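Below: one structure, written as structure tokens.
Order as written gives the chain letters A, B and C; numbering starts at 1 within each chain.
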Amino acid sequence: MSLIEITDVRKSFGQTEVLKGIDLDVKPGEVIAVIGKSGSGKSTLLRCINGLETIDGGSISVAGAQLLPDEAHLKALRLKVGMIFQQFNLFPHLTAGGNVILSQTVVKKTPKREAEAMARKMLERVGLAEKFDAYPDELSGGQQQRVAIARALAMQPIALLCDEVTSALDPELVAEVLAVVRELAAEGMTLLMVTHEMKFARDVCSRVVFMHQGRVHEIGRPEEVFARPKTPELRQFLGVQ
Amino acid sequence: MIEFTIWDILRNLLLAARWTVVLSLVSFLGGGIVGALLLFLRIGGNRLSTAFTKYYVEFFQGTPLLMQLFLAFFGLGLFGINVPAWLAAGIALILWTAAFLTEIWRGSVESVVRGQWEASASLGMGYVQQMRYVILPQALTVAIPPTVGFSVQVVKGTALTSIIGFVELSKAGTVVTNATFQPFTVYGLVALIYFALCWPLSKSSQILERKLNVAHRNH
Amino acid sequence: MTYAFSFSWLAEYYPVLLKGILITIELIVVGGLFGVALGTACAWARALGPAWLKPLVSAYVELIRNTPFLIQLFFIFFGLPSLGVRLTELEAANLAMVVNLGAYSCEIVRAGLQATPRGQFEAGASLAMSPIQTFRYIVLVPAFQRIWPALSSQVVIVMLGSAVVSQIAAEDLTFAANFIQSRSFRAFEAYFVTTAIYLALAILLRQVLAGIGAMIFPRRPAR
């Protein structure tokens, strides 16, 4: 059974249709890389799955539950699916620990002590146990992104959406974040990630989705997609003739 | 003619300045409460309440405070009550202060970047929780310096209530001038007393602003 | 409430209102031009002027910004004659507005100057321009473009503040309202109409200033 079922999803901003009927099924434990040119709709797709954009047509369901745009359904969905942003979006007025604790206590009503224990565990998992009391602006970009991952993990989601999580990072900090993601994949977390790290996609992902002009243009196992691209658009994108 | 020493003048002015302080406090606190209500109507409300607060702000920021005082004074008078000056002054100043504070605070809320809304939404928070735990705490730090800064405008604004007959520092200045025929000294002293009230507020606003900017870069 | 509103007095008194409007406009034109000029001069003095001038300018700016306009006006009109400076009501009102706006615009212009990248001054110097030339030809226009919105709001604020010049019997729009209400006994209506006129003037002034801004700074992005 699929964990995330995306059927004929359409999304327009004003006159321009950005998603023109997306179909995609994600099975539990799958790690999917979404690649494509700038403006092809990758971010929009992820944001729709998290309910940050409302869709204009089609349907999205997660673990059997339909995505509907009211607060109760959205909350239920977001408890199942976490999201990591390109710009980290840590809460600047809270420490790393506070960032990880907050949503547990206010959304899940986890008692403070448990939430704190969970926060410590998750920060340790991303290798930042000692940064519990540090504020976001005392952390490097790579550390901030790892805190953001810990924050999402603390909600115990069944899947994570990652939108170019290393694009805002200095090159030397990319590896530490990718290592964390790689570990999550190895532990069986379902991941849907937009990425420009082709080598990472090839090594870690079970499937690669190539988006082009609002459609899934090509999809397949990384060996196939990277070694034998079928369409001229993908060939051009990958820079192979 | 009786001789007035500087000390006589100053004592009378200082006594009246108490009312300037009281009226400033009332206006600022009352305006803060009304302003907060307006803020929630503006950002959390529907189309109608948003439009209402917009026109409210436009009216109070687009017309002279003196006119607002006159309208309050004579408008309340239409209801047949003999309106005491302090009441008209208090009401007008509270409504006027509220308009400015609500704009300052709206700006602060809007200065919180969109990513904060999205991140908190993606963690499953509802609107009220986002506001309460993520947006307002950040908006608050941004809002404090300009809010303190605006209190200076409130203190200065109270001077206009002398025109509808409320006896505070400015009115006392006129009364004392008429008794002493020393306008230069009296209005000079009045100005200095206002300065003594306002300058610390201005300075603390600047200092807070600088601290905030530093805090932004480095906690 | 049994009060019956009446605006029939308008027919008789509209010339008084018109005259008041003209004087209020005169006040803001004079106050705006000379006030901003004074503020710019002060900002220059504070940024690049001689050392002895800086504390004087600071004192002026702080003093004006931390006292009510009404008191500044009274001081100029009632107080200055003891120093032998005797002004008519309108002169005093004009002077008070220039002095008041001068202090506020000094702060605004200064902020605009401070946002000027250091490199601009250095570039000017490297082209053998004097500091004043650099200020005039390189720094000033971008700085003004940056602060034009803030300056415009301050001019509108000062225009609305000008209502108090009626208190020294300068015959502005508020003076007209006071006059009308004392004759027609229609206080609320008189102030209601006057308030509406002020609102219209404020909206108009904002648009005029935006138009002027668009004219002097033709579609160059502010830096």
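In the analysis below, a residue touches a chain if its C-beta (ideal position, glycine included) is under 8 Å from a C-beta of that chain, and two chains touch if they have at least 3 such contacts.
Because the structure is a prediction, the values reported are computed rather than measured.
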{"item": "Third chains touching both chain C and chain A", "value": "B"}
{"item": "Most centrally placed chain - per-chain CA mean versus overall CA mean", "value": "B"}
{"item": "Maximum inter-chain contact count - chain pair", "value": "B-C"}
{"item": "Length of the line joining the C-alpha centres of chain A and chain C, rounded to whole Å", "value": "54"}
{"item": "Length of the line joining the C-alpha centres of chain B and chain C, rounded to whole Å", "value": "21"}
{"item": "For chain A paired with chain B, centre-to-centre distance based on mean C-alpha positions, whole Å", "value": "46"}
{"item": "Of all residues in chain C, the ones touching two or more other chains", "value": "none"}
{"item": "In the complex, chain B residues that touch chain C", "value": "58-59, 62-68, 70-71, 74-75, 77-80, 152, 156-157, 159-160, 162-163, 170, 173-174, 177, 182-184, 187-188, 190-191, 194-195, 198-199, 202"}
{"item": "Interfacial residue positions of chain C with respect to chain B in the complex", "value": "1, 3, 62-63, 65-72, 74-75, 78-83, 156, 160-164, 167, 174, 177, 181, 187-188, 191-192, 194-195, 198-199, 202-203"}
{"item": "Chain B residues touching chain A - in the complex, by the definition given at the top", "value": "115-116, 118-127, 129, 132-134, 137-138, 141, 216-219"}
{"item": "Complex contacts: residues of chain A adjacent to chain B", "value": "50-52, 71, 74-75, 78-79, 82-83, 85, 87, 89-93, 102-103, 106-108, 135, 137-138, 148, 151-152, 155"}
